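Read from first to last, the chains carry the letters A, B, C and D; within each, the first residue is number 1.
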Amino acid sequence: MPSNTFGEVFRVTTCGESHGLALACIIDSVPPLIELDESMIQPDLDRRRPGSTRYGTPRNEADQVKIISGVFEGKTTGTPIGLIIENTSQRSQDYSAIMNSYRPGHADYTYQLKYGIRDYRGGGRASARETAMRVAAGAVAKQVLRKLFNVTIDGCVTAIGEINTDKYDAKVALDNDFNFADNSKIDDLKALFKDLATCGDSVGAVVEVRAHNVPVGLGSPIFNRLDAQIAQAMMGINAVKGVEIGDGFEMARMRGSQARDELTPEKFMSNHSGGILGGISSGQEIKVRMALKPTSSILVPGNTIDKEGNVTSIVTKGRHDPCVGIRAVPIAEAMLAITLLDAAMLNKAQCFNVPQGFTIPSEK
Amino acid sequence: MPSNTFGEVFRVTTCGESHGLALACIIDSVPPLIELDESMIQPDLDRRRPGSTRYGTPRNEADQVKIISGVFEGKTTGTPIGLIIENTSQRSQDYSAIMNSYRPGHADYTYQLKYGIRDYRGGGRASARETAMRVAAGAVAKQVLRKLFNVTIDGCVTAIGEINTDKYDAKVALDNDFNFADNSKIDDLKALFKDLATCGDSVGAVVEVRAHNVPVGLGSPIFNRLDAQIAQAMMGINAVKGVEIGDGFEMARMRGSQARDELTPEKFMSNHSGGILGGISSGQEIKVRMALKPTSSILVPGNTIDKEGNVTSIVTKGRHDPCVGIRAVPIAEAMLAITLLDAAMLNKAQCFNVPQGFTIPSEK
Amino acid sequence: MPSNTFGEVFRVTTCGESHGLALACIIDSVPPLIELDESMIQPDLDRRRPGSTRYGTPRNEADQVKIISGVFEGKTTGTPIGLIIENTSQRSQDYSAIMNSYRPGHADYTYQLKYGIRDYRGGGRASARETAMRVAAGAVAKQVLRKLFNVTIDGCVTAIGEINTDKYDAKVALDNDFNFADNSKIDDLKALFKDLATCGDSVGAVVEVRAHNVPVGLGSPIFNRLDAQIAQAMMGINAVKGVEIGDGFEMARMRGSQARDELTPEKFMSNHSGGILGGISSGQEIKVRMALKPTSSILVPGNTIDKEGNVTSIVTKGRHDPCVGIRAVPIAEAMLAITLLDAAMLNKAQCFNVPQGFTIPSEK
Amino acid sequence: MPSNTFGEVFRVTTCGESHGLALACIIDSVPPLIELDESMIQPDLDRRRPGSTRYGTPRNEADQVKIISGVFEGKTTGTPIGLIIENTSQRSQDYSAIMNSYRPGHADYTYQLKYGIRDYRGGGRASARETAMRVAAGAVAKQVLRKLFNVTIDGCVTAIGEINTDKYDAKVALDNDFNFADNSKIDDLKALFKDLATCGDSVGAVVEVRAHNVPVGLGSPIFNRLDAQIAQAMMGINAVKGVEIGDGFEMARMRGSQARDELTPEKFMSNHSGGILGGISSGQEIKVRMALKPTSSILVPGNTIDKEGNVTSIVTKGRHDPCVGIRAVPIAEAMLAITLLDAAMLNKAQCFNVPQGFTIPSEK
């Protein structure tokens, strides 16, 4: 399907450039009769917005969302929900440096060669600003998931550069400026960011998101397995270069006798598979990890070429995040929410007539 | 889209269970006038088929493919290509052990709970036998890619359990029984498989695939970025639990000044991003790695429950691969081929009118 | 979506040429646990097959369908159903006349110009033979509709050339050789077909199909309204040139006070709208009419050109139906069944949580 | 696909209710480098908007469109185009009459039963107001069709109630208040509308649209034939109950020797088929007719029920069109433009490599 749409039934379509008039989003096939207003969407946007953390960009955008359709008297009506966020904080700026030259590690070169034109102001469509609409749509998905399926989703950063943790704690993450799962690493992180500021450099990160209380049966084989859909959802986020479900690459090193998750009537004895078996949710916690590369918007000069193929070099000024992973947590949560709701609705479409067999309780 | 279909324009739809009459596949929107016959499909099937390596299952299936439509006088006609492989090697067998109990690590539990019924013979639709049709469709995609876009694809195993290599060499891989990229590790691998046979256990693996001579401009932002589509393609293969593009998770540890790929008029100075920038191919080699978990079809007994929720245990007899990664190479190549061809055709649809600007030569 | 697929959730994909090895079909997202075997599909195929009526082609094809996947122990499993019909009755024939020249009124010219190649044997993919697979898939849809939604579908011919009827009677239609709704016109029809045989000419027809006991709520605005989907389904049948829902073109002549269907608690007071309001089923009988043009496969010579643009003329020999409308009834029923089931499943996906309000009883 | 989206590659998604904040639209996969600004969209909107004809509703809505993304320095960039029209003319009104009762012939009953809730203000999503966004998206499609394929589209009303014409003249239609193809019928029409005003009644209409200079090869068999897509596009417009391609239902009465369009090297000798053969454009003029039912928004009281199933009656006050067909012309043109552009782009995707054979010149 065209690339600005995600989901089969619960379907999100977005548009908007960094420096256009607005970002917009249309969400189709929303189940009716669900309570919804802007106050249920804004908090996730506030977690993502520039200015939300002192370790992100110093830009400050309100990212105020408005619902323009699909809600009546505080409830969804089943017609498409339109969302809009006006762009308010674009500084007028000198773009002559990047107008004709390609920033290394950015999408400048590929956009220009593919389309023969690009809106270079603030990164245009390739700007992470686009993800605001994912977060907004994800907040709607979260609300429906909670109301109709009792599913909840959270996330945190588990690694920044060489600093990492085995812990997963979404509550802890909400309380520090790095969305980090482990408070014992905060001092190390502060030192790292001080160093990054000195160097004018950036750093990569690992983000983990989880879904709780997921019913058995979401997702369907073969190509659109639930894990395949999640992989697409996450790899489609700016800067993501790797995705793991459950133990991920660690499982390549395991033996079958370790890796399989044995069953008991009360619970599974382990969750190496991350809550998905054969592409279908098992009722266990769904666990997804992703690697984000360090942003290329840095002050360290880089070698590159201009549009005519001449050698040149470039420095990316502007107000950039030294670690885009920090503000990626609500984006990843949003993509997981959209994916799971779509799968849950498709499951109703095909399997509404299936009587429930003996079921191991879902993992909270 | 329903789960047994992959691709938007070049679209592959498959069906077939392990123990049904046949596997079939319909490929839609194939460009016309491309030379095609069964002899261009069979070799990839032969690389995947059971019995192709002495370190795989001792089952021996001919996997003979027949083209039933869409080809006339040796050329594609633009109408859908139908492919069929008859199932010939199903042993009649005693399935009483798995009929009512769930093999841990398999899809038995999730299929049963989702659908209320499952064809337990040989794993049914969840059997890796299904991947034969991916390989067949992928061979068609490879032929079109080669003829119309000059793109080629190859792959190899780069890790089995704890044994791994930094090398990538598809030719070497074709010459050993493990499809392994590095001949210096063959003795270690033989020892490992001897041990696995003794224990009745299995082991995970990492497979890498690459595409060469890819034009700039394939794939489009936002949700269906080329890397997102590849992630879906790979994570949708049985047993895959992690996917990386380029340096993948390693990039989470890097700084921006290391990670960005600088440009020169002749070539990019590195390829950490794996040939994709902003979701669009850059003309560099496309590099994809994936982790496969060890199969749960092992002789080591496992704890589980039956359909009524009673505690029991299970041993998976039968003729199984100790490492499913070995035969996964042509499957991953096939999925990459289908994904790239679909993206190349979509690029023609939207951007056929774009004049070519200065282009860094594609990487062979 | 690629053109050989129909339906969003209940999704049918077909392939096969008139003179290839076989026709095949894959049906995805079939609800599980529905009783199904070949004997539930074959009767509809027998109504469509060449040789089924003495007023159709004298070709005689068995059109024997085989289920190759998706059914286990007599029930659907939720995995895709594969169907195959082998081609058995292709006469070896001299195609030199049509190989290089375009039959007027056929798709020869457009296929050749679009694809640069065409399988001219028996019309290739443009042959009505393709519709066998629609009928087979439709029979599966009918079975699911009946079991899960209690919906039934029937149809008849209501006009052939200038001979028409106001009646609609599917039972009468089953009993005569013209599938005609009105037995009082049979003598006229016999005379007409005698004349057609003498002239070597063909004639057009109108087919009507209806669905009974349809629940309220199938279909959704805006673009994919239920009537829009039905229009696509019917206009996609070979030779169809017009589609009407309810009173169709007659409504262009009406006033609003006549045309609206007033409501009472027991029933609607009329059904000008054909059972669909705002793109959503109303619980009334769904009524669809379609016009089929006369086939161009006739013995009367026609002016045309050859592939190089030279003037020539052509006579279509072979064993052709003088009125393709007669055998179109089960095809139109099949397309209606597929469309309704898909809509019913999508309705479950989005609106499963809606409590039932006061409902006028559905029309049988 | 979800119902508020149309098109496979050139894909239009809309949202918006009659009385919400705004209508919006996202158009995906627009070819880049096409000149575009609001002034190329507004004229078609002005032809559709309430207040554009003295024989339409006396409401007066500016329908001012704004481009919010996808255009840079006056050209399309290949990223999605966002369009927005603010709602400005909603009168505050007393909706108590229709809040709990169902207007006969409207979608009130079906929306309420399907979704369990409806925005009754001004018809909500079922209001014809929604079509403004189709017209806006269609204007974008027309611009691309003109620039890249040299195709143009026009339309007119050919029947209102019992008054009809054999003529087709889009220029004449632009010059009278009825968008009617034949100036000799204007006096009759004036008399008819005087009568309608007296009775408080409405009347149906027939609209015809045509595409000129269409290349051969657009559209593809089987299910998504070009005519099938057009049928869906048109039947999806509010109030449309019948669609014909070429001679439509008239062809049911013809013989094959009359109906087929013979070929010469210079042109086809007739165009009964309306420019489409086998689902593929033939290069002839594409001709589409559609019947619109009379609106049910009339002053004549109608019998109905309320939400609890009690008998009641209703009068639809407000500012309504006595003949919705008049303002439907630009809507039908828009849907034809979107359908053709999508087909043209898909044709590039699959058949870009086909060498051109001898081609009959396209019809202007």
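FYI, a contact is a pair of C-beta atoms (placed from the backbone, for glycine too) under 8 Å apart; a residue touches a chain by one contact, two chains touch by 3 or more.
Only a predicted model underlies this, so the values are computations on that prediction, with no experimental measurement involved.
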| item | value |
| --- | --- |
| Most remote chain, CA-based centroid, reference being chain D | B |
| B-C compared against C-D, more contacting pairs | C-D |
| Centroid distance [mean C-alpha coordinates] between chain C and chain B, Å | 38 |
| Distance from chain D to chain C - Cα centre to Cα centre, in angstrom | 26 |
| Overlap residues in chain A, where contacts from two or more other chains coincide | 1-5, 8-9, 14, 29, 32-33, 78-79, 111, 114-116, 125, 220-221, 351, 354 |
| Residue ranges of chain C in contact with chain B within the complex | 1-5, 8-9, 11, 13-17, 20-24, 26, 28-29, 32-33, 66-70, 72, 75, 77-82, 84, 114-119, 124-125 |
| Residue ranges of chain A touching chain B (in the complex, touch as defined) | 1-6, 8, 14, 102, 104-107, 109-116, 125-126, 130, 159, 161-162, 196, 199, 201-206, 216-217, 219-225, 227-236, 240-265, 269, 272-274, 277-282, 291-298, 300, 302-305, 307-311, 325, 347, 351, 354-360 |
| Residues of chain B touching chain D in the complex | 8-9, 29-33, 78-79, 148, 220-221, 345-346, 348-354 |
